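Listed next: structures, encoded as structure tokens.
Both complexes shown next keep subunit A, but they swap its partner, so subunit B is in the first and subunit C is in the second.
This part shows the complex of A and B:
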């Protein structure tokens, strides 16, 4: 397998897109999928439950120092930054928000880029701020693949446009094309 | 950019000139804190090490900067509801309840506990101890003053834990905020009531070096989102310390996404996000 990890970042307008993507990944999908999504302050719980109804792969919010496993979806817990550390362990932190966000998409993407290098695929979806642009750049610079959702399709295109101007992305795709791309990796 | 080598040199410099030992802090987050220091103090790693070695006050400031102090009133309302309905009522018949907030930061968690104890008529029999490595945070905790607008979530959390009952949606208890804190919207400040502020005993405490400094065992220890900044080895020794100082059938409350690893986990049963010390 050429790739090991997919990391998806999204904010306003991304929930339905994420739901579609993870619903399309089959139960035995071999890669690790990280989700780093901003959520409204008052919706802190229930998110992983909502996603798990749609997902065929096992999905969870990791604890600090949990091992990272293949074939699973991991959702960054509300109000924590989520990192992947060398040795394939999660690290969580409650340090100050970055770009007004905790979890910060940039921080999660950068740690995945550092850990997986060219075996990582980063995907930025709809969102109303610029978080994720630097993270996607880090994925690209480490030799991984950089994908953004087509801004024309995004409910809020700020985040995807920021990513496109920050780095030379590999693909600009609509939701259905993202799904096709991920399924063809197998 | 700070290299792993820089971090090791920095840690050993601090170790040489003080009792602080960050060797077993979680590598990545310590590195990020170090990088932030360089930006905040507009210096490089050598400049930082020079100042740390030659200026005691600066060293103390650096220690305060390195620690992460995020906390809030009734953070994770579900855990507080469990404490309110499932855990604290078990202590009604006890003569006293000993509680330690280890790594209490700016004190919001202490006040959460005090409010809950007061609601359950357990306030007078509670002995509450609080500690942190960061002396500035201890001062903030004693003061019990927080920003109002930035922390509107505190009021939501208060409602969820104190007014509502997640086990019975028909139940609603009207408890005025003014019973426990004053809100000054013009000054943008929440101030905890004096009877709450006067209750805890505060001490500076370093989880790396110091054992139990309170000459008592505890019924409940709260240490939330502290051990995520430690590596496995230090985590285990801290949990060991807690385990040795919790009464049998007492409770350890960690952060919502922290867990006990290694053999010391055998001393506890995990129930609803809390750890109960086994009775044998």
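This part shows the complex of A and C:
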């Protein structure tokens, strides 16, 4: 397998898109999938449960220092930044919000870029701020693949447009095409 | 402007600090530590890590300021309101029932948890029955907190929203004053506190506490340092004492986990067992 990790960042208007994508990934999908989605910081439960109804792969919110495993989906927990740390473990952090966001998509993407280099795929979905643009750039600069949801399809295109201006992205795709791309990686 | 810091340079800085000042950051979690180092370098106009290392070796950095800035102090008052409700409803009155309740807040970085706890105790009428020991590796932070701290109004907004979710008796605004766009907490909340410099990762532990609140600190330590710190915390507690950590933290991987019993998996509340 050429790739090891997929990281998806999304904000306003991304929930249904994420749900469709993870619903399409089969139970034995071999990559690690990280989700960094802007969410209400004081609502700690319910989100991962809502996603798990549709997901075939196991999905969870990691604790700090949980090992990162293949074939799993990990959702950044409320009010923490989520990183992959040396030794392939999760690290959570309460550092300042970035772009008003904790979890910050930029910080999670940068961490994945640093740890997986060219084996990472970054995907930015619909959203109303600029978080994720620098992170996707980091993925691209480290040799990974940069994908952006087609702004024409996005409920709120600010985040995808910002990513496209910041980076020479590899693909601009509609939801169905993103799914096809991810399934063809196998 | 420095945008990134390699692992080799980070290690060199840690080594120099350790050699010159005897503060050991070797086992801190790297990502967050690097973010803070980059911020410090940029705020002090360094254009390379080497120049910073030279200044450390010549003892030309403001070290108290370095310690103040390297510690991550960006938590919130009443962060995770459901945890503080739980502590209020299930633990504090019970723990304070017979004799004085001794509480330890180790490795304090911001004062958020201290003021949160003090407000809860005052609203429960337990302030006089409680003694809180507050320790930190930063004397500068201790001095600031002692005087009521200085907080941004934005931070107080976040705290006020959390306090509302916590369902406190009044409003957070009852406990602070605003001057020149900064908020200062009511220092009279701290009548039952003693402050002490203590480096939780290096110094000898304290003892005799019924409750230790140590939320979102272990996320900045690697596993071996976490193991060491958890041993110190356990040493600090009486049998049956309560240890609370952050909602995203777990002691499942800790070498001392069999000395603890988990009481609440969601809020991450542990009890010291009679081993």
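The working rule: the second predicted complex is superposed on the first by the 181 of 186 C-alpha atoms of A that agree within 3 Å, B and C clash if a C-alpha of one lies under 4 Å from a C-alpha of the other, contacts with A are read in each partner's own complex, and residues count from 1 in each chain.
Keep this in mind: contacts are C-beta pairs under 8 Å (C-beta built on N, C-alpha and C of every residue); 3 or more make two chains touch, one makes a residue touch a chain.
Given the structure is predicted, the values throughout are model-derived calculations rather than measurements.
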Joint occupancy of subunit A by subunit B and subunit C, clash or fit: clash
Partner chain in contact with A:80 - subunit B first, subunit C second, else both or neither: both
First, second, both or neither for A:91, with subunit B first and subunit C second: both
Touched partner set for A:64, first subunit B, second subunit C, both or neither: both
First (subunit B), second (subunit C), both or neither touched by A:111: both
Residues on subunit A lying within both footprints (that of subunit B and that of subunit C): 42, 45, 63-66, 77, 80, 83, 85, 91-96, 111
Subunit A-facing residues of subunit B, complex: 26-29, 32-33, 68, 70, 78, 153, 156, 225, 227-229, 232, 235, 255-259, 261
Subunit A residues within the subunit C interface of the complex: 42, 44-45, 63-66, 77, 79-80, 83, 85-86, 89, 91-96, 111
In the complex, subunit A residues that touch subunit B: 41-42, 45, 61-66, 77, 80, 83, 85, 91-96, 111
List of subunit C residues in touch with subunit A within their complex: 29-32, 35-36, 72, 74-75, 79-82, 161-162, 165, 216, 218-220, 223, 226, 246-250, 252-253, 266
